[in-house]
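Below: a set of structures, written as structure tokens.
Shared chain: chain A. Partners: chain B in the first complex, chain C in the second.
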Partner chain A sequence: MRLIRKNSILYIMMLPVILYFIIFAYYPLAKGLQTSFQEYKLMGERPYIGLDNYRQVIHDPTFWDALWNTLYIGGGILLAGFLAPLFIALSLNEVMKSWFKRTAQLVLYVPHLLSWVVIGGIFIFLLSPDSGLVNLLLVRVFGIQPVNFMADEAWARNIMIVSAVWKDMGYNCILFLAGIAGISPTLYEAARMDGATRWQQVRYVTLPQLMNTMKVILLLNTLGIFRIFDQIFVMRNPAIAGKVDVLMMYTFQKGIMEIRIGPAAAASFFVVLFTLVLASVVRKTTRFDEV
Partner chain B sequence: MNIEHMERRGWASRTFDALNALFLILLMLTMIIPFANVIALAFSSGMASMKPEIILFPKEFSVEGFGTVWNSLDLRRPFMNSVIVTLTGTFLHVLLSSLAGFVLIQPQLPGRKIMVSFILLTMMIPQDAMMIPLYLVNQDLHLINTLSSLVLSGMISGFSILLMRNFFLNVPYEMCESAQIDGLGMFRIFTTMYLRLAITGVATVTLFEFVSRWNMLSAPVLFINDSTKITLQVALKSMITDASATSGNLLITTNVRMAGILISILPLLAVYPFIQRYFMKGLMLGANKE
Partner chain C sequence: MNRNMNAAKALVLAGTVLLSACSNNSNASSPSPAPAENSEGMKLEILAGNVGGKTPEGNTQFAQALSEKTGLEVTLDKPASDYDQKVLTALSSGAKYDLIEVSDLAKLNALIDQGVVTDLTGFVQDSKILSDPSVIPTGEWEQLKGPDGKIYGVFSKFQGATMPIVRKDWLNKLGLQEPKTLDELYTVLKAFKEKDPDGNGQADTYGLSTAGLYDIQGIMSAAGLKYRYVLDNGKRTLPYATDAAIPMYEWFAKLVKEGIMDPNFITNDTAKMRNLFLTDRVGMVTYWDAWVGMFNNLKQQEDAATTFQAAGMAGLQAADGTILMRRGDPDFWIIPANAPHPEAAKKFLEFWNTEDGITLGSLGVEGYDYALDNGKYTLTDTGKEANMDHGVPYWYNTTVKPKFPALPGVEDAMALSREYATLELSLPTWPDAEKIVTNYALKAMAGQMPAGEAVEQMQKELKAANLID
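On to the complex of A and B.
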């Protein structure tokens, strides 16, 4: 008791955080869960309707489309967004001139800093059929007909993947480089003593030593799959919506646009569930906890 | 270093170095060319910017795009809203996260373990999936259409608290103990010693938060529909993505859009040098596990 009184100032320092999390983290969770079992009305009583909202979501084909889009786009970003920065980090690591290495890191990191509005806007503009840089190149240099990338269902998802990987490439690359910087130089010295070539040093020293970094990055990026929203919100258009609307977009549409709060809340909890399941699967398969 | 150079004189090795450099240069060009394009268009005249041509340098140099976007399209107001939300939000975020981080390093504090789990648990809830519930809560609190809703959104995060805690753990705890013996209160110890000694941490969290707040999109989209309260990103979004965007009877030419993009990037470019300095350190310490 004396200890508690002595530390009262510390508790006061902690108080805002506790209050904040109760109001803006735990309460929304409870409120959302409650709403997902209710028929949401703007006025008056909100009767409990059991699992009706969940049933509605399950029977909504758009929900399954959104899930499939999420897995396709998210999976693509996860895979390419892991391999590309790893490859680039290894490539950067072979660069001897430190000014070149620094400049490259600096330039590659810039897109990560910018908002999806900016990056999405630039992509939409670059890919536009009449005045976009990409199509101008296709037409003038290669003599191909212009492609209306942003209105073509066949291109839509892959454009989302490419732009997301492009945006975060530099960031993930720095994470890998930080991992590489942590590898003990004596390992390389020993490898060179044994006559290892540069490639062999990468294959038998860098890559195995980088395993833990890879696991961390993989886990972090996996959790990102279900969070995709800003990008799609900016880059979608009616022509490709069916191919690129992800789960968060679905909840947003249901809840805010159609004001069907009940099903939207139910859909949110599917997302929470998917995230938790996916996270634990990745933890298990990468044996993350043994890091 | 010298020995390495000697070893790498072989022609195969040198060819590899050349190809490797070429690869990286091409990669950088995929970043540089689009931005050169954006900058060039922003400084071109309206007519020139609409022509289907590859423009990497301004054509018919003019700054009319900036004038149009700032005055006629009134980007000033969303810009100021973003400034207010970003500065207030970042300040409160850093202050409150640091306070909590400081409390968590006190070894003798009863209930510390519970507080840690309380915070860790919030990190398990995917915040983005809470979009709809958060909307309902903001509605209940009458925060819809206020800038406060944006300041409150993500005002504290478990991640920042743990990051600050890790930075504070690097300060020898004996300093806190001896200061207490000298009669200094905990709050004074926090402000005069810990915040200063962990200035790298404060800078790291500030920068992270500044950037993510400036770029914040989903919260203003959810909570704000009053056009006088929208933020820069939202204003920019409607300007960029509506293909035939017109405002009243004013045609939005490409140079205007690109000028808008550049204006929104400026504050980020201003903090970029600092990010370079603190980023790595922040990540290393933040990645330390419990």
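On to the complex of A and C.
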């Protein structure tokens, strides 16, 4: 108690933050949990119906399709979105010309600043079967028939992965570069004195020293897997919906489009549960607490 | 210690107050309507998606004009985007509006089921204005009835139909007639693709473009297929998922294969489709009747000497001579069950269907959107940008005549709509069925899957999910 009194000013300073989280995070979360157990009507009585909403969701095959789509697309983004910026960061670190390094970082970072409406539009245009750059190359350079990428289920999920990785690559790359910049030059110096090649310096100095940054990026990206929404909302169409509709899209359709708030709330709590499980697994396997 | 305890109590109390301020008061969501009140000087809170000004300033002007004309203190909330989400958030959070604009009959049924809407049957029947068939034709009210036969909404405008819209000037240039059958349509579309109708010497035109599956009813009419549900002896059927649809999907696939149809039709939104039409890239689109006039007007404003001429077409004739066209869901007002001023809302609903209301909903605000001088109406620049649409581009009331001549071609198009267009049947299971139907139909049309296989898959999945009988 004495300690609290001693640091009372600090506790008072924390109050706005605590209140913010209570009002804008925990209260809606608790309200959502309550809704998931109700036969929720926008007005009037809202009787409690136990686990009925959860049962409805579990017995809905589209929910499981959406979960599989989420894991496929989210998993792809997680893997490629981790490796691609790491590769770029390691490559940029080898570049001696600082103006080139800075320009490359800027160019890579710009897509991260754009909204999904813009990025989605760019990809739909680039992949258009008649006037898109990709198909123009396929037809004129390789002489093959144009592919309707955005309407073909075989390509749909991979396009979502590639576009998401492209958009956020610059951001993750900067995090990796910041991690690399923090590595003590004495380690490289010692490695060079021991006769290490450039590759050996990367393999035995840079990568081990980057481990903590990698863990943070991996965990942050893992938390984002089940939150994919804007991208799908912008880039989906009915021909590929079955392959790209993710869990947040399922929740949106149930709640907003069909006004079935109870099942939507239940589905969103599955999302919370899956995120918790996945984050715990990643924390355990990466020994995140040792960061 | 005591001081600490007091501080802790104060904190708990403050937190409780804060939380209760955020909480959804159960009384707030009570469905019981407020008692009747004298509406003079009363407040009226409106949540609208289409009705109002085109800019925040225009919206303020609109609300002010509405207040002056109705004697009510009007607040008009018109979200710039995500209207459906805004409505849902407002209703579930207990926010109180006296009127909410809705544009979807399936949503109306959901809202009735959710206990949100007020029964307006008595009000409509007793209202001298609304019960007048020259103001709103009696049969139209069927659209706004719930499953219990009660009326739950009042129209905010006349909603037209979608139809094939063709470049009439291209038809004339190529010496072709307006197509009536599927074969004739193929000939016309092929000519649009191959005979350089825009005369630029390049093979850069398509015969047909659409935005997904939504508006192709006028073409599917050739096989007598109605979109969404059709009840056949009480059984739920989806004509687009029957064997009769196979030749139609094959016909579209042929257009795609031969490069006659815009290959982006699956990813197109309506804006892209319209742009193709306006930029001489395509000879036919499937869209709203009102846009026939707007297409022509836009091109004429761009270049007064333009040869561009869009014309609405009736749907293709089926073998038995029937023509099917798609009537759009109406735009209508509902009074929420928790409306604080339902009497003010009713006063507005009557006003909205009078000449003053229609003029405001179409032309906009006098002195801002238009000027009136000795009985002569002139649109301001702001009014021209609004295109005589402040939520009511067209209306039911036959006693109110338009203040300006109709846009070119629109009257003929609307005459076709009135003659042939019918509403679609949207059962509660339609959103789930729609995903299956559109998915396989688009694949078949794009030639990614044989049409027979696509329909077979549709039927299999629809039956498995108990979406058809």
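List of remarks:
Keep in mind that, in the parts below, the second predicted complex is superposed on the first by the 268 of 291 C-alpha atoms of A that agree within 3 Å, B and C clash if a C-alpha of one lies under 4 Å from a C-alpha of the other, contacts with A are read in each partner's own complex, and residues count from 1 in each chain.
The criterion applied here is as follows: contacts are C-beta pairs under 8 Å (C-beta built on N, C-alpha and C of every residue); 3 or more make two chains touch, one makes a residue touch a chain.
Fair warning: this is a prediction, and the values are worked out from it, not measured in the lab.
After alignment on the shared chain A, the placement of chain B and chain C results in a clash.
In the superposed pair of complexes, A:R5 makes contact with chain C only, with no contact to chain B. A simple residue count on chain A separates chain B from chain C, and the partner touching more is B.
Touch criterion met: A:F21 reaches chain B, while chain C stays clear of it.
When the two complexes are overlaid on their common chain A, residue A:M43 makes contact with chain C while staying clear of chain B. By the touch criterion defined above, A:G242 lies against chain C but remains apart from chain B after alignment on the C-alpha atoms of chain A. Of the two partner chains placed by superposition, chain B and chain C are both touched by A:G255. When the two structures are aligned on the shared chain, A:D130 is found in touch with chain B and with chain C. When the two structures are aligned on the shared chain, A:L187 is found in touch with neither chain B nor chain C. Once the two complexes are laid over each other on the shared chain, residue contacts for A:N148 go to chain C alone; chain B is not touched. Common to the chain B and chain C contact sets on chain A are residues 4, 23, 27, 31, 124, 130, 237, 255-256, 261. Chain A meets chain B in the complex at residues 3-4, 7, 9-11, 13-14, 16-18, 20-21, 23-29, 31-32, 35, 88, 91-92, 94-96, 100, 103-104, 106-108, 110-111, 113-118, 120-122, 124-126, 130-131, 133, 136-137, 140, 166, 174-175, 178, 192, 198, 216, 223, 226-227, 229-230, 233-235, 237, 248, 251-252, 255-256, 261, 264-265, 268-269, 271-272, 275-276, 291. Of all the residues in chain C, the ones that touch chain A in their complex are 1, 4, 15, 18-19, 22, 24, 29-31, 84-85, 88, 91-92, 107, 110-111, 113-116, 212-213, 262-264, 266-267, 336-338, 431-432, 435, 438-439, 442-443, 446, 448, 465. Against chain A, in their complex, chain B makes its touches with residues 4-5, 7-8, 13, 16-17, 20-21, 23-24, 27-28, 30-35, 37-38, 50-54, 96-97, 99-100, 102-103, 106, 108-110, 115, 118-119, 122, 124-137, 141, 152-153, 155-156, 161, 185-187, 190, 211, 214-215, 217-218, 221-222, 233, 236-237, 240-241, 243, 254, 257, 261, 264-265, 268, 272, 275-276, 279-280, 283-284, 287, 289. Every residue of chain A that touches chain C in the complex is listed here, in rising order: 1, 4-5, 19, 22-23, 27, 31, 41-44, 61-62, 124, 128-130, 146, 148, 150-152, 237-239, 241-242, 253, 255-259, 261.
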